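First chain A sits with chain B, and in the next complex the same chain sits with chain C.
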Partner chain A sequence: MIRVVLPYHLRTLAQSDAEVQIAVAGAVTICSVLDALETHYPMLRGTIRDHVTQQRRPFLRFFACGEDFSLESSDIELPPKIVSGEEPFLIIGAIAGG
Partner chain B sequence: MKSTGTVNIVPSITGVVDAEAGRDMQLSREEMLRYSRHLLIPEVGMTGQKKLKAAKVLIIGAGGLGSPAGMYLAAAGVGTIGLVDFDVVDVTNLQRQLLHSTDDIGRSKLDSARETLAGINPHIAIETYEERLTSKNALNIFAGYDVIVDGTDNFPTRYLVNDACVLLGKPNVYGSILRFDGQVSVFDARRGPCYRCLYPAPPPPGLVPSCAEGGVLGILPGIIGTLQALEVLKLILGEGEPLIGRFILFDALKFAFRELKLRKDPACPVCGQAPTIHELIDYEQFCGVKSPLAAEAIDEQTEITVEQLKMRIDRGDNLCVLDVREPHEYDIANIGAQLIPLSELPKRFHEIDSSKEIIVHCKVGSRSARAAEFLRKKGFQKVKNLVGGIDAWSERIDARVPHY
Partner chain C sequence: MSGVRVLVGTHKGAFILTSDGKRTKWDVSGPHFAGWEIYHVKGSPADPNRLYASQTSGWFGQIIQRSDDGGKTWFQPGTKPGEPTKTPEGFPKAESNKFVYDTSSETGKPLTTHQWYDGTQHPWEFKRVWHLEPSLTDPNTVYAGVEDAALFRTIDGGQTWHELAGLRGHGTGPKWAPGAGGMGLHTILLDHKNHNRIYVAISAAGVFRTDDAGKTWKPINRGLRSEYIPDPNAEVGHCVHRIAMHRSRPNVLFMQKHWDVMRSDDAGESWHEVSGNLPTDFGFVIDVHTHEPNTIYVIPIKSDSEHFPPEGKLRVYRSRSGGNEWEALTKGLPQSDCYVNILRDAMAVDSLDSCGIYFGTTGGQVYLSPDGGDNWNAIVSNLPAVFSVEVQTLQ
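And now, the complex of A and B:
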């Protein structure tokens, strides 16, 4: 199972905990993880990636094992620790509270 | 020399304060005693303490983050602390904003903050700017300071602070909070990424709640604001490894800190290779929010004030008042409206009587604006957003409705 950590506003939308676990078939890439996430939580469609272009929303970032994957190709395979579930795939959102 | 198999090349870091300015400073006997625990640490010592005295730090916002940041920086002996805020102390601030106390309710935050900081340390200078930070005044105010601390509570000001820091070449010690989550970093475009490298554009208005809407654990700004103060001190002293190019996430519920690496975006519009932003812009427009002055004017087609709603309810108009807050908020305060939380609206909008005019409300009007927009897209013809939400209703129509 792949662990995915969601920012607060997406947790509310998905009515989920901060961390969700999803099964991903085949290669574990940013694209396949997000596809599986949207299949499991259809209300997240269009919130992480643009409906039409499938581009990441600019106020969200993707991180894996401490590294920024936001500007990587969505077909790049994620690190083994993400694949094994040892580390979560992080979707980080901008917050502005002070 | 014993080989360890690895060689670490650590770039030397100079402090943000001119070394000569620090050398010119003198500490009185009283100050030496006050800062004695600092003087005992070689990384601070007399040289470092003089640098702290010579330093000028500007804190944007005398609120949740600005409170611990300001108090610790004052105690540490930062010679000049500037504060920008235009608000007055409200009772709802006191759960986390330790610069202010119960007797300060209704006072200017800056008067209260000045008194608190002077009480902590009478040897420092406190400069206050009781005005809204704007594109017109930001560069002038920032110019006199070595480090800027971002403790604001909204996206337009965060982009304004970032851009002003990049344009002036000053470090921006960033912190932000929501509920149980905190974020900390040091954005210094001369040595690493800026805030826009991380988030080139803000979320649409109303998508990500503010602390006023979503809530915040009172202790969280204490932790995050203190970490900001720590980074300011390291920058001034030129000691340690600053959080430049590093992003810290704090999850208070799990008690987990996570460190993420940030990279400079070569395409960043303000600090990239071919910047397109060379001066401060209109940040309300950039973030898609109404300017504070325009916010008072309402769009009669899509918005309604609490006074207009009260009048229409009293005269018996056929209205459906829809509350899109969460059930736990409804339990705190409600005006008897139909409750469908915003997150459930896509599944439950068919429960709404489309023959009636629909007035949507939330706490302050952001979530309900999104809900109204959603309903219009679903074909509802007559939908209006209640400006100011139940907060405005409590304040201006019915004080029996609790304000939270």
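And now, the complex of A and C:
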């Protein structure tokens, strides 16, 4: 299972805990993790990626194993510790005021 | 016994204030959607327990919430948890939070451009829903006014939204420009007598009317004069802040413009100024007494840029003659050191025998006058900044 940590506002939308666990079929990439996340929590669709372009919303960032993946291709494979579930994939709201 | 339900959208959540017909004791529910900007909450005239809310965030985008029990519980009316979000062909399924401008060859146009602050052309970009206007007859039909200015409609209870593209595709679109708060479609008035007629207002484009249920639109801004644009009498480009009508007289419209309070007696074909003796004719809200079609209310605000009541005195002005002659209403309102603003969607009226007038402030107060404006009191005093106020009169 892939572990994903959500920012506060998305937890309240998804009515979930801070960390959710989801199954991802095939290669574990940013795109496949978000696809699986949105399948389990369709209320999050459009809140992390734009509905149409599927681009990351500009005030969100992605981290994995201490590395910033925000600007990486969404098709890049995530580190083995994310794939194994040892480390969570972090979705973080950029801090830019109240 | 009758009662009222006040729906308040704020900078940090929604609140629902309820009372019986006396309107003296209030129950406060909320915050709903704590921490999110709630631009607007409105109930269906056809089913008062059906509420819609626009929940938005610069971080996470637009969410549409719906309640079927008068605001006790809420849900997003799109795809249910567990259902796939894509079709077998891989296309994303429509969802309640999805507002996509119509670019189809049949009904839409290529994504057009509008005027940017510096005069250059800028593509339409969806930002948020400013205003939700449920149908007068069908709880599943709702109109949404959005930024960048366009009109959307759902006919399935908010599950999917589709643009009425004839408005954005109007030939004057490239001349529309954002006001200081963005280019929002903020007012939607449905004609109670002619269901094919809808009025909308956009900052800063002006007022538009359809007579064919939204297929085609025409600008109705003749008579507006705005000294702050290159051609003060232009067909479009006016910063209309709000329009209002009485349900019994849908051809009579009242307008609070960036400057000037205006009136039309011919469904917007022409406008004339009725600012009269107001201390300033700038403001945002305007509304009409439920039982007196010629009694209207505004709250003058000092501008440019200050956007607080003149002299620090919070005064509602009432005209019983449909404009020109105004009286200040002050009993119960702060008459010193008051520097709040009252935003365009933050005034409403109930339909009890003694008409209640309500407005919310950026200081977090919601004021009520249970007697048409003569006396005021604060229902609540310490909410987050109020964006919008709507009232439902319950039987």
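Just so we're on the same page, the second predicted complex is superposed on the first by the 94 of 98 C-alpha atoms of A that agree within 3 Å, B and C clash if a C-alpha of one lies under 4 Å from a C-alpha of the other, contacts with A are read in each partner's own complex, and residues count from 1 in each chain.
As a working rule, a contact is a pair of C-beta atoms (placed from the backbone, for glycine too) under 8 Å apart; a residue touches a chain by one contact, two chains touch by 3 or more.
Model, not experiment: these values are computed from the prediction.
By the touch criterion defined above, A:52 reaches chain C but does not reach chain B. Looking at the shared chain after the overlay, A:18 reaches chain B, while chain C stays out of its contact range.
Look at A:93: by the touch rule set out above, it reaches both chain B and chain C. When the shared chain is aligned, chain C comes close enough to touch A:39, but chain B does not.
Of the two partner chains, both chain B and chain C are touched by A:8.
Chain A residues in contact with chain B (one complex) as well as with chain C (other complex) are 7-9, 12-13, 43, 57, 59, 93-94, 96.
If you check the complex, the residues on chain C that touch chain A are 33-36, 57-63, 76, 78-85, 92, 95, 97-98, 100. Residues 7-10, 12-13, 38-43, 45-48, 50-52, 57, 59-60, 93-94, 96 of chain A are the ones that touch chain C when the two sit in their complex. Of all residues in chain B, only 61, 63-66, 150-155, 158, 175-179, 181, 183, 198-203, 207-211, 214, 216, 221, 247, 249, 251, 253, 258-263, 265, 326, 343, 346 touch chain A in the complex they form. In the complex of the two chains, the chain A residues touching chain B come out as 7-9, 12-13, 15, 18, 43, 57-59, 61, 63, 66-68, 71, 90, 92-98.
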